[in-house]
Amino acid sequence: MSPAPHQAIASHSDGAGPHGYSLPLSPSGRSAMLTPPPWHFSGDVIMVDYRVDPAAAAGFLPPGLTLGADPGAAAAVFAAWQWCSDSGEQLSDPSRSQFSEFLILLGCAYDGAAMARCPYAWVDQAVPLVRGWVQGMPKQYGAVHQTRHGLAGRAGSRRAEGGLFAGNLSVHGQRVVEATVTLTGPAQEPPALHTVPLVHSLVTPAWTTPIERPAPLAASEVTDVEFDNIWSGKAELEFLDALDEDFTGLRPVEVGAGHVFSYAETLKGGRLLPLLGE
Amino acid sequence: MSPAPHQAIASHSDGAGPHGYSLPLSPSGRSAMLTPPPWHFSGDVIMVDYRVDPAAAAGFLPPGLTLGADPGAAAAVFAAWQWCSDSGEQLSDPSRSQFSEFLILLGCAYDGAAMARCPYAWVDQAVPLVRGWVQGMPKQYGAVHQTRHGLAGRAGSRRAEGGLFAGNLSVHGQRVVEATVTLTGPAQEPPALHTVPLVHSLVTPAWTTPIERPAPLAASEVTDVEFDNIWSGKAELEFLDALDEDFTGLRPVEVGAGHVFSYAETLKGGRLLPLLGE
Amino acid sequence: MSPAPHQAIASHSDGAGPHGYSLPLSPSGRSAMLTPPPWHFSGDVIMVDYRVDPAAAAGFLPPGLTLGADPGAAAAVFAAWQWCSDSGEQLSDPSRSQFSEFLILLGCAYDGAAMARCPYAWVDQAVPLVRGWVQGMPKQYGAVHQTRHGLAGRAGSRRAEGGLFAGNLSVHGQRVVEATVTLTGPAQEPPALHTVPLVHSLVTPAWTTPIERPAPLAASEVTDVEFDNIWSGKAELEFLDALDEDFTGLRPVEVGAGHVFSYAETLKGGRLLPLLGE
Amino acid sequence: MSPAPHQAIASHSDGAGPHGYSLPLSPSGRSAMLTPPPWHFSGDVIMVDYRVDPAAAAGFLPPGLTLGADPGAAAAVFAAWQWCSDSGEQLSDPSRSQFSEFLILLGCAYDGAAMARCPYAWVDQAVPLVRGWVQGMPKQYGAVHQTRHGLAGRAGSRRAEGGLFAGNLSVHGQRVVEATVTLTGPAQEPPALHTVPLVHSLVTPAWTTPIERPAPLAASEVTDVEFDNIWSGKAELEFLDALDEDFTGLRPVEVGAGHVFSYAETLKGGRLLPLLGE
């Protein structure tokens, strides 16, 4: 019933100087680093289900979120993305339309609805990094590598029994996460934590005014979700000792199944979640 | 009389969940990508004075700013930085404490006071990029290279007569700006556009709510400014044809003197500039 | 009848100090940057047939090679590779087993046999770069980007009618080549220039002794060639003006069809081609 | 009395097809990735003296070299370089003329003359990497970071008492070496291992013919050596556990003094060292 989020975020000139959806503002608005949503994403994903200490997970949940039905459920996700805006123009320059991402998901709930919380994420391009901050998604810069999907021959990895898919993350020249998935068979269903809305905190670092506490919660609004060619198998997942103790607190206490699939979605905007009864 | 900006931006826990000066929020606050200001900067700078079409410059000024006393005054600045927070801990890992930057400055005025407007900036590290957005400074990702200062021998460039200093910027694998300065002698004064406050627009891209228009203006508050070993000379400056027409509108109509110097400052925070009489 | 090339290149210790297939030499030989062949390659390829001025092509052919049956035939090739040695161990770390490549092929002949000459190639990883020099293949460092193959959704590109595949090359922050292929239908045959042996010049830059002139010719010996899911379509190809005039001499005088396919091969070694009748 | 090495390595056309000092060969020779020597280098250096197990060092010495007068003497060297050929043209594009390097030096002797052996080296640019292989210097690709020298202000490091200089090396996203030097005073003499010739093994990986064993030895011939503003102090040096056991064998058993200085040299070529009496 409410207007689509992206209708609220037009950035046309109103005669009041340089403009744009984001910095840099410019006379025509065309210099903005970010195009306004919707943003269309297509990617190949390697995902490992795992479990964390529920108390550690709870420490990452802001007021309004609870651990939900399965306390300690978590996932580590490697994704190799292409993205474009409605015009599709980014696809003609793959140096602009591609990035790789690693993120952690924690199962949680808001007002009884299952959601996922992303406590940490890393990407290797600046545009998706800043787009993350617009959403409240804590994207930092990292080197993310994962096996290519579907190559022929002896050095290729196919979605077939025995197929080996590996991913790793390095930050500032230090290895942080390593994972492998060895496929055992096709899956009927997408992995659960990849099917629920992400809920982020809209944090604006204090500059001229104090920071707002707690930061407002916003859920991602996505459409046109597509899962393709899902396979599952045995997984390994290791957190190496390169970051701080808060990150280390989310290391696996148990590693579950691994999954490999193609995925697409359109991210239309964010929906504010009111702080309920507190 | 007002409290120092950084006193307003503490981010200690208040028992209300994960916290931090910026994303990512975490139980202890230590995972934040950004340390709170003050931020201390030390760098080597190559700067070229030039002139733009004043009408083009005016198109980049939001309500509240005017072209000031010298319409069309501009500068192109290459800087190789080290930075640290008060603890200085970043300096023990130069993979974290260094970045390179290219930016353009336009002369302007607010309420009669000379300031500089930065319509475009590029850096090669994510932390200063995001820190830019906190300030309203439009930092994007680019590959920035400049001559090293002070090396001995035939492949070195010293601040001496005839010393050659070059800089260039590439964005997504396309060369955007090239500059050289050939030194003729030491300078008594720092170049004017590097001595006035920067005035930025605090733009928050619309996500759950519409964008604020016009964006609030904020001036950088810096202390402990230090200029060292300033030399000047003849400059060349060229904008290549790789970005949009708004950027191209700021290309040089006349190239002035070049300058090479060391510079340090402490950036303490931002000061809101009220929108006067409009 | 001759022994397989890789049998000649064992690098086991003979009690005569540090050893290895390549630098760095070390006590066990394990520090060598290069593993000995065979090297297994699996990749996704975007290829554009084009024509060059035959006289320009001839200027890149050393004594012993002629332009062959189709003077001026050329191709521009973007490839996204995974590779491994016989052990396959590289595949568990995709930061080591992947690279992207752009190269130019010129049709030529040796002693009546059709071959291809690679006058220029660029890769984005050091191991394949140095491996190129071992073969006489002139790999330099460049940033190579191409559309990912087979992603689902609106930002994905599939091998289907209308599928758009783009590639580009940048060198030292300057764009050098841009290409696109828009698919029209599946192809029955692989593109001709990708099916003939490569013939390289084994150039050793002079250091303690003068350079050998002309450099010996060597043909690549490959097995286990696999083409998969070949599609063709309309192509665009542009060389931008960033390198020297020799390179520019190979710019397209006519652009032909484009091709997209998966490819695998095993590179076993090189075979010396005697300099015939001169 | 012998001709200068660089006189032997001209690469002018002799009418026998494409030519050049190195690959790629081209009609005019201008496309060669490497310019012929001499190569002029200017850099800022952080160097840590340390000691290795002499038996481990001996394992890296080929026939003809001995441990010399001080078995186990070693150094870890971080250098931030600019380079140019005789024309100096590279200096106008700092994206081409700069690189960073980390290397290890082991004290050794040839025929009674003190020399240094470099068992491992890493650089962050392809041109110096391949130039290393021409010399027999085992340069691999790594991310090398070191403190900038001489910056003003609180985030700057000056060559003065208490000045902190740090360096680190990462390879494929894994941290390999970390070092710091805290300056205590100026030094009268350059550190010994930086003043003797380097002796390399001219290794050509087998391709069409078997590898030559043992590889010929060549000593670097340098002129115009310049040390400037040498300071020394207390050092820390740590090898992390990311590479193979051969590398690990050279880890410090004792850490000595650290040194910081500017350095320049001209590398003219290599001189073959005959294999004496064996």
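Letters are used for the chains, namely A, B, C and D, taken in the order the chains are written, and counting of residues starts over at 1 for each.
By our rule, a contact is a pair of C-beta atoms (placed from the backbone, for glycine too) under 8 Å apart; a residue touches a chain by one contact, two chains touch by 3 or more.
This structure is a prediction, so every number in the text was calculated from the model and none was measured.
J.: Moving only between chains that touch, what is the shortest number of steps from chain B to chain C?
T.: 1
J.: Give the label of the chain whose average Cα location is farthest from that of chain D.
T.: A
J.: Shared interface numbers for chain A and chain D above half of all numbers used, same, or below, different?
T.: Same: when the shared numbers are divided by all numbers used, the fraction is over half.
J.: Between A-B and A-C, name the chain pair that shares the greater number of C-beta pairs in contact.
T.: A-B
J.: Quick one: report the Å distance separating chain A from chain C, using the average Cα coordinate of each chain.
T.: The answer is 36 Å.
J.: Centroid from C-alpha atoms only, then distance chain A to chain D, rounded to Å. What do you get?
T.: Whole-Å distance between the two chain centres: 42.
J.: List the centre-to-centre spacing of chain A and chain B in whole Å, with centres computed as mean CA coordinates.
T.: Computed value for the inter-centroid distance: 30 Å.
J.: Residues touching two or more other chains, restricted to chain C: which are they?
T.: Where chain C meets two or more other chains at a single residue, that happens at 93, 95, 143, 145, 168, 170, 172-173.
J.: Chain D touches which residues of chain B in the complex?
T.: 40-44, 80-84, 88, 91-95, 97-98, 143, 145-157, 164, 166-168, 170, 180, 224, 226, 228, 262-266
J.: Note which residues of chain A are touching chain B in the complex, please.
T.: 5, 8-9, 11, 14, 16-28, 30-31, 33-34, 36, 56, 59-63, 93, 95-96, 119-121, 125-127, 129-130, 133-141, 172-173, 201-211, 213-216, 218, 243-247, 249, 269-272
J.: If we count contacts the way the header does, which residues on chain D are in touch with chain A in the complex?
T.: For this pair, the touching residues of chain D are 143, 145, 168, 170, 172-175, 242.
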